[in-house]
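Order as written gives the chain letters A, B and C; numbering starts at 1 within each chain.
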Amino acid sequence: MEETLPISAQSAARRWLSAWWPYLLVLAFLVLFPLLAGVTIGDPTVAQEGTGSLGNLMLRAESGAAKFWQGMIIQILIFAIFAMSYDLLLGYSGILSFGHAMFFGTGGYAIAILIGRNFDWPFGLALAAVIVIALVQSLVFGVLSLRVKGVYLAMVTLAFAEMFYILAEAGDFRVYTGADDGLHGFPVPAYLSATDHRTRFYYLTLVFFVAVFLIIKRLVDSPTGKVMVASRENENRATMIGFNTFWYKLTAFVAAGVFAALAGALSALYKVSVTPSMLSLGRTIDALAMTIIGGLGTLVGPVLGATIIQLLGYWLERWFGPSWTLIYGIIFMLIVIFLPYGIVGTLRVRSFRLKEGWKQLQQTLAGK
Amino acid sequence: MTSIWKNNRAALIIVALTVVILGGIIQTMEPKVWVSIMLSGATLASLYFLVASGLSLIFGLMDVLNFAHGVLFVLGAYVGLSTFLNPRLLFNTLPIFFVLIASIMMSQHLGRAFWSRITDTRTRRIATVVLLAAAVGLVLLALRGFPMRALNAFNITAVGGLVTTANAQDPLALMLRRLLLLALGGVPLGLLLSPAERPEEVSLRPVWQTALIAGTSALIGILLLVWRDSGEVWMLALSPDVRFILALIMGTVAGALGGVAIETGLIRPFYGNPVTQLVLTLGLSIAGIDLIEAMWGEEANPPMPTPSLFNESCRSDSIIGWFSEHCQSVDVVGRAFPTYRLFIILVGVLVFIGVGLMLRRTRLGMIIRAGVQDSEMVQALGINVRRVFTMVFALGSALAAMGGVIAAPYLGVFPAMGSIFQLQAFIAVVIGGMGSFIGAAVGTVILGMARAFGDHFVAAGIDLPFLDTVIKGSPAIARASTVLIMAIVLLVKPSGIFGKKE
Amino acid sequence: MTTAPHNILEVRNIQTFIGQFHILDGVSVDVPDGSITVLLGRNGAGKTTTLKSILGLTPPRAGQVVFNGREIQGRPAYRTAAQGIGYVPEHRAIFRDLSVAENLRIAERKPGDLARREEFIFGLFPDLKRLIRLPGGNLSGGQQQMLAVARALVPENELLLIDEPSEGLAPVVIEQMMEAIRRLSAHTTVLLVEQNFIMASRLADRYTIIETGRSIHSGLMADLVHDEATIQRYLGAAA
């Protein structure tokens, strides 16, 4: 007994490692990125006397291209959170929402307004309030929208989101929302300022990202997640087996809403500005595009999609100037037409075929 | 009679309730106030209806929610505006479309021979990509440096200042070279769209017929180009009324063609995959507006001038007086109301009656109504449903584009006008019930009235008995509150007032 | 009835997929001209899919469908139907919002079809004449089934595919329906799907048994009714 235990523990660890190593590799890269960037593309002239080598490295990470690319990754991670939350809806639960930006924007506005001059709440309290607001908001609109299905739900959620967009733009609440200008320069706590402490903000976002990733992964692997997928595949059957699919969909809707609000709040803190466009259909389309391009119903897909779209947007804007959105739209449509399963999905189909082919080859070689 | 009551009980109750609420509101007002508010509401309802009816028909028949419907509305408005004010743009751009279409039509005949030679899927895929690249490359090459901005810089559209026609357009030789390149670019496009890829769908016409149609199309294109200068002078000399009718026709036709293009390119290959269709039209709703901005500029244009029938600066005492005086406004129970808006209402009513009669009385209408319930069964009766799909898509798109044209003198022309109307049309259709033509009409009327009364009350202030302050707000509040109506209807009857499908 | 020398329809070893599901894995059916042929088999065996594959609503991936000597597999359903195949789907898919008259008129392939066949149709189903103005959705189940059959009779069809005409009907109505099918079969060939073995055995000349997507047995109905073993084995309690 005592001899076999360590072996099984060892093999368990190995199994765990073999399942998780790609994730760990990416995570290691993300954790080390500020340091690596500091060494390679940071500005060497910022080094100061008497701060030690690690201190100097941190200074270099806060400068030049290193700082810029950390910002890029921060935005990618924020959008990855947003896209993962969207995939929880569309990919795992089959809920086609065109109003997901409503949570993203509300999260951003909530944190901006609560720590702003009207309320001046402490940061921690404001962040807690954002989660509570998102909970209530997604509960209310989830209950309303989930009464319908399919494209109806798409239209209805779109209409709800548009309502928030119109209200954010309206002049009536200028004191709070800043109308069509949005809010800029609200007092983000100094220790979180992304301009002064880029690396710190980077790690904060990374922690949030990893936490959301693990929570969603846990959720979709749990029995609850299985029912979500089951009701996506065949709602009638899931109902017949005895599951009240409404509650499972609502769970997905609320979880997605809260994570999207979190992404919105992070985005607001990073940019120190919120604009009505955070609530617009365009944001939802971003999430949709990231999810679809990466691959529906996978968690890696949206992350990959967020990376691609963020970088693509950056380069397209540099190459084509203001008309880049046109190119973006066309590329988006082409990807939907030619890669219907997204990148991860297509790769999986491929590797599945490869595996099948490999099996067949082995069988032929074995003379069967 | 009893069956009508039984089948539409919820619908009748909601309509009656709306009437009662309206009646209650009206009680507190002077007639001249509520009549003009209701006319404003009807104007909006008419425009909403032109967008919503097509949306609803298209969804009902083919289960496609066309997110690009608003783009067609904007397209109609811009094409109408250009026809009305800036014909040189048409004379320089229409040939491009005529020649491209001619080339695509002809090369579809090559398609069968081309694709039948390539049998394995891998080569097919490579060929597709190569053709696509060739098509995009040739078209881009053909259109490189096309003086869109200069052509647009005309009279009241102050984009880039006023540029005279002689300076704005490309020399004829250059334009012909462009057309030649486009004709070449149409060949790979035609191969890509060729029926041989999906042989079960389309039956080709005989070659001579295609050649005749394509030849005529190309000839019209070239003639338009050759006669562009005299054509422009001739068009601008026409009376504004005639030009308005031309604008209406051009805008509507542009919408119909746009609809056909969307249906054949983005919808038809993906029947049975609704999410892809939805996402594609969604992508188009963004890219299409970008394209329109690239062509006509991002700036908002001032309203298109109203046709002279509605443009004399006077106020008629009654509609009968307007027939001889052509005044801007007409007296309606003691208040002036713009006659052009009455025209908008009239168009909405005429379209409602016209399309309604088409649905009730013609064989096509019968097929559409049957297809809304079960398009597979219609197919099994020996009817080519796909062709009906395309026709209905064209019809719905044409209606939306027509709405864009008649909205242009009322609202002005700007890229975002489509998304506003599309959203309201969505709400109207959800309220009325997807797929129901009557539902679209009722939904838009409810929405139009709600908007008009909402705007009135929000601007005048609502004095609630339990609050000290009077609630006032901007029109945005009224616009947002229409969503509440939708939420209420959804809670009561998720499929909408006249909706049967879930 | 004498069996005609040639088969109006021959289904040869068709394979049909719906999505990823392999529904039909080798179904062959011969339908002699002028006969009533019935497809027998348990629920989910693939009988309905066979009809839909013949028509092209679920096009087969492999195999042939030969109608009047011509291969028609892979053509769009509307063209196959227009060649002279009428379809009466299960669950009586009539158009609920269209009136009875419209339900009939929509099936016309050329103007005047209905006028030509009116007498015959109303002779078979006298009830429909009385209901002609009502919306299809207001009809009773039996009346709807009659309308669905009548609709397939409006154009000159050489072959009718009728899917479960007795499903969910009262015994009296089933008798009526059987009588109607027997009478119309004097004019057209019929390929029937029927779970009700008694009805099937009294109507049909020939049968084909389909089991899990394969046609495994076919022959003359007159032989099958005496073959208790086959009935028990493939049709179970249905007999």
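General observations
Rule of thumb we're sticking to: a contact is a pair of C-beta atoms (placed from the backbone, for glycine too) under 8 Å apart; a residue touches a chain by one contact, two chains touch by 3 or more.
Just so we're clear, the structure is a prediction, and the values are computed from it rather than from any experiment.
Of all chains displayed, B has the C-alpha centre closest to the centre of the whole protein C-alpha set.
When you average the Cα atoms of each chain and compare centres, the chain farthest from chain C turns out to be A. A straight line joining the Cα centres of chain B and chain C is 43 Å long. If you average the CA atoms of chain A and of chain B, the two centres end up 35 Å from each other. Chain centres here are Cα averages; for chain A and chain C they lie 53 Å apart.
The residues of chain C never reach two or more other chains; the list is empty.
Residue ranges of chain C in contact with chain B, taken from their complex: 55, 57, 59, 74-79, 81-82, 87, 89, 93, 95-98, 102, 105-107, 109, 134-135, 137-138, 151, 155. Within the complex formed with chain B, the chain A residues making contact are 96, 98, 144, 147-152, 154-156, 158-160, 162-163, 166-167, 169-172, 281-282, 285, 288-289, 292, 323, 325-326, 328-330, 332-333, 336-337, 340. Residues of chain B touching chain C in their complex: 3, 7, 199-201, 363, 366-367, 369-370, 372-374, 376-386. Contact residues of chain B toward chain A in the complex are 59, 63, 65, 266, 269, 273-276, 278-280, 282-284, 286-287, 290-291, 294, 419, 423, 426-427, 429-430, 434, 473-474, 476-477, 479-480, 483, 486-487, 490-491, 494-495, 502.
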